[in-house]
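Just below sit the structures, each encoded as structure tokens.
First subunit A sits with subunit B, and in the next complex the same chain sits with subunit C.
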Partner chain A sequence: MSIFTEYKNKLPRKILNEVKEYTKGMSEAKIKKVLAATMEEYENTKVEPGECVGVVSAESIGEPGTQMTLNTFHFAGVAEMNVTMGLPRIIEILDGRSNLKTPMMEIYLKAPYSQGKDIRKIALSIKETLLNEVVSEFMINIAENSIELRMNNEKMKELGLTENNIISSIKSGIKGYNIRSSKEAIVLKSKTKEETINKVYIDKEKIKKIHLSGVKGISQVLPVRRGEEYIIITSGTNLKAILELDYVDSTRTTTNDIFEIQKILGVEAARQSIINEVFKVIESQGLDVDIRHIMLVADTMCNSGEVKGITRYGVVSQKSSVLARASFETPIRHIIGAALIGEEDKLTSVVENVMLNQPVPVGTGLPDLVTQVKK
Partner chain B sequence: MVKKKYNIQEHGLVPEHLKLSEKEVKDLLERYHISLKELPKISKKDPAISHLNIKEGDVIKIIRKSKTASESIFYRGVINV
Partner chain C sequence: MTEVYINSKFAGYIDEPRLFIEKIKEERRKNKLDHNVNVYYDTKSDTVQIEHGKGRARRPLIVVKESQPLLTEKHIKQLEKDEISWSDLIKQGIIEYIDAAEEENCYTAFFDSELTPEHTHLEITPLSMLGLATSLVPYGNFNQSTRLNAGSKNQKQALGFYVSNFAVRMDMDVNLLHEPQIPIVQTIVHEISDYDKHPAGQNIVVAIMSYKGYNMEDAIILNNGSIQRGLARNSYYRPSIAEELRYAGGLVDEVSVPDKDVKGYKSEKDYRFLEGDGIIYPEAKVKESDVIIGKTSPPRFLSSLDEYNLASSTRRESSVSVKHGEKGVVDFVLITENEEGNKLVQVRVRDERTPEVGDKFTSRHGQKGVVGLIVPEGDLPFSASGIRPDLIFSPHGIPSRMTISHLIELVGGKVGALNSRYINGTTFDAEPEEKLRKELLGLGFRENGTETLYDGETGEQYQAKIYIGNMYYLKLKHMVANKLHSRARGPIQLLTRQPTEGRAKEGGLRLGEMEKDTFVAHGASLLLKERFDSDKTTVPVCEECGLIAVRDEFKNKSYCPICGDNAEISFIEISYAFKLILDEFKSLCVYPKLYLKSKY
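Right after this comes the complex of A and B.
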């Protein structure tokens, strides 16, 4: 297919494939004509130099944004699991916040498990279990300075934990206690005789939080069927630990925490994830925003090699012009800072030129006369 | 270090990252009339390029899978952060 190789770097792959599809069986001369016409159309649809794409994007995302719902969405079936949706979620993503309101993961599984094999067992083994979930009663014996734990045997069986597992977990979780198991309880006895009640009481609260099994950070699990396979949706995220598990499909499993993705999979993955997450929200609200606008925002956020929010601490702080920075938020601080170090403003962008009542370098204001210096 | 069981490069969110040769970098910068500093950046410690053996000042070619163009090419300059 030598006719197509000429256009390989000129036309996007998708358009080229479509042309290939439609011109099947045509003569070479005709295909050449089609390609030339396609090329002309493609050049016409390109964004003109000087077009203010940022403003167009802001309006295109902002206008439908006014129609978005403001509430969180409850997952059908599970009471404690909500998902931040709508405008709050969009703000969360674009501000580049690292503490999400509802961190979530979608865990895809490998072949036999994705068809539902042991799905309940796997889900439970991922869920983080703390000591107070398997203990039915905590008791403090004041006379002996000891803590007694009555175990909930049913729950232990369900989670596949034995008493020995729990004892060794407690041992590594807290120091200064002798641990033995009696008939129906685990007894923690203080090693030092002179322990105050207060200290024992604090320790009792401390051991409630001892990690027994599962993946740290995963507080809820919910196996659901999606299309042909079963996946596990969790609340709470820990991408690194989950990807290391044997039965997890490590090519598709994701989280909605963009900073976690950046840390474990890199900026490019974070950029893709921003696009996916924003688009998911917009789509779920029944709105229609061209994905290219979102791509532009995501590209801007990831330009510096790490995810930066559209805030005064993020993207805006990287603008080279003092006046542009001052026009966004906290103007006085920026101007004082710039005055202190003698910063220079080259007035190359839009906002600073608006402030000084000069033509802005956008659209027809962009071209400029430049004198060529003779060599 | 313990060998990781999963491979970052195989993850669906991670596009293909390639290192450009010195000549390719020169051609690229000439084609767009820019300097290396003006390229979008990527950290030297970025997990997606840890297998490439890179140093500061290299240029990474990224072949993104795109919904609109099916494939788009992006470049990032490596910075030391």
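Right after this comes the complex of A and C.
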């Protein structure tokens, strides 16, 4: 196999393996010919120097994107859970928004559970339960300055909670109250006597949000069958807490919150997540965009070491040219900023040169004279 | 206890609201109460609302009792004989006017065949669900509602006979169709609305077939012979207005042939049509830039005294001339006074428009299209009886739009034309298709409306039978002659030195942001530069301070206003817009310094 070693670093392994498969049983001279032809073809496929890949990517995503706007609302609400899809989701990702409209996780499970063992129980244990879900009625006793909670026993049994669990949760959730359980109710009595009704009312609203069980942030769970196994789809995300659970397959479990991924798994994972999420939307719309265009966008968003949106606060603010930044939203801010520190514009990119009516340094405008003509 | 309100003012309580409102209605029908009174029982708020004030939209309905309409054949006969009138029916309580509130308590049937014991009213005609323009669409009940909307929208844009005193009117931008006709396939609304007093289309022979691909994508093909015989010909009228305005200091405009030494004098040729009074004569054939009304105005600024002597040399030319791209014949000249007593001159220019490629036509079924080709009459297909279509419509316009009425009108028109009668195509109440087919068969034609046609060029018989018949077609006011526009060189804006915008100003066609991106994506850097050259300028730049310097052409030297005469000054080529933005920076106290570098 000495013929192939020559190309080992010139051709990608996948192509090389394909050639190997294809040329099985051929004469050495023929294989050499095939390799040479492959090499030539491979070189031709490469992007030429000066090719404007960014604009090509923008057009390749933007053009089918115009059709997406119309398609979007057709799909609203069809999915198993309400998920932002279509153009709004793409905008959400590319703008680099940190609070998503519909945060979501896909939790993969380890072997026995992934086959459906205790799937409902696991799902329920992940779901965050707040106090107001197990309380059927909150009452304020004005005379006593106390809050009385009527419990929903059925719901408690379903979630496997006891009164003692709940009392201890409330104890850690709020201070300044004596808590005791009477028949069919939990009574919170203020320790200080001069507590105003107003304060009690505010506290009543506050204890509704006390966390009882499950993973914080997961508001809804849905076990579904995907292919051969069961997974859990959640609305609301908490990647860190979920990955710590021992029955979770941490290699495949994921969230659609790119910033959470960045925080927990790093930028590279975030980059991949951008690609996956954008591609998912484009695919779901039945559009065909080459993944390399999306990769380029993801690279642009991540190359500073953290995820930056394609907005005037994100990627655009990283541009070196004042004129280029000024040509994209809030020009005065950029001009004044540049004037304050005496910024210099080297006119190395497209927009500045269009403004000055000079050839843009791209394509045929890129080559320059290397030698200086003698005076 | 139900509250009762009269004209939204509390009046009292009653116990039995339903009986109460029934009683009021009863009294109203017996003509004991005014027919203006409407009652409404609101079950949600448990209130009775009685209204008899102004400003309520009301509509007449036939009263129904025990699933029988009170209006009988007897009444209709009496109406026909003029023995009773509409108001008699209202007095007898057969027809009553219902307002929006009372309608909530009514259960109205569209047809008397639908009547059940629950019904309280019957529509006088189901046509009342449609508006005026929409009920002008024949066989409308065979269509999708969107097509009816499109059809009525199109009719509003049709050229026709809009007023009969057009000759003495000075309407802006109007068209008159030369030979308007009333449709063969009509609805009763045509009669009711006096459509014969203001028709807006022509009955023509339509064949539904493809023709060399020139009628794809909704295009239509016209017969040149028909056009020469006057099909869809119209006149376009546009008045020009000039006023002798008065200015401060007793100065006035003057309508006259401008003197040669007036500021802004055009060429002598442009004024050639003007008569002694400075106004053009009727029937003059005018072209672009010809002056219609000669006018001069006093100078704009009276700064120095010597301009006060009003020598004609200081007056400005302000004549009204034919606009760019327009032509026509002077139709009518009107000299009068306006409200302030100033002399007012109006000249109406007429332009005859024969149909051309790009003009917009439509049937009454939302099937609009643009002329794609005008074919010499001899080349068009013909039938055994020698009929050649005036218009060829593409069959591909039918399946997706499902305008069945378009197809039925075609047979209806054919029957009507052959039997010299009008066809009633009223929506919900039309002559049935089967009847038309039978009649067509009786006239010796194929009952489905198709005919054997022969290729006009080769004389060969077409294999397919062609669906051909008569339809009412409308010419729409969007004509290419009013829209066609192109520019190579032309006027520029004063501020930016970029081309003007819009057809009226002979503007350029903008190469926008996204179009720019396509050049960039192709790497066509130098082509991009050339496309954006429209405002390029050469400016002197001081090498020392980096600001724009001054070039004095008289002294043939350049100098920098800051660094003086001896500064080194180079000329650079930039867009004028960039020079402008540099000026704006300076006005913001931002110092935009240019560093120059030799290109080579």
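Rule of thumb we're sticking to: the second predicted complex is superposed on the first by the 353 of 375 C-alpha atoms of A that agree within 3 Å, B and C clash if a C-alpha of one lies under 4 Å from a C-alpha of the other, contacts with A are read in each partner's own complex, and residues count from 1 in each chain.
Assume contacts are C-beta pairs under 8 Å (C-beta built on N, C-alpha and C of every residue); 3 or more make two chains touch, one makes a residue touch a chain.
Remember, it's a predicted structure, so these values are computed and weren't measured experimentally.
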Which of subunit B and subunit C A:M355 touches, first, second, both or neither: second
A:G160 touches, of subunit B and subunit C: first, second, both or neither? neither
Touching partner for A:P112 - first (subunit B), second (subunit C), both, neither: neither
Subunit B versus subunit C as contact partner of A:I291, first or second or both or neither: first
Subunit B and subunit C footprints on subunit A, overlapping residues: none
Residues of subunit B that touch subunit A when the two form their complex: 4-8, 10-15, 17, 40-43, 46-49, 62, 64, 66-72, 74, 76, 79, 81
Residues of subunit A defined as touching subunit B within the complex: 12-15, 17, 243-244, 246, 250-252, 254, 261, 263-269, 272-273, 291-292, 295, 299, 302-306
Subunit C partner contacts - residues on subunit A that touch it in the complex: 50-52, 55-56, 58-59, 335-336, 338-339, 344, 350, 354-366, 369, 372-373
Subunit A contact footprint on subunit C (complex, rising order): 516-518, 520-526, 528-529, 532-533, 535-536, 573-575, 577-578, 581, 585, 588-591, 595, 600
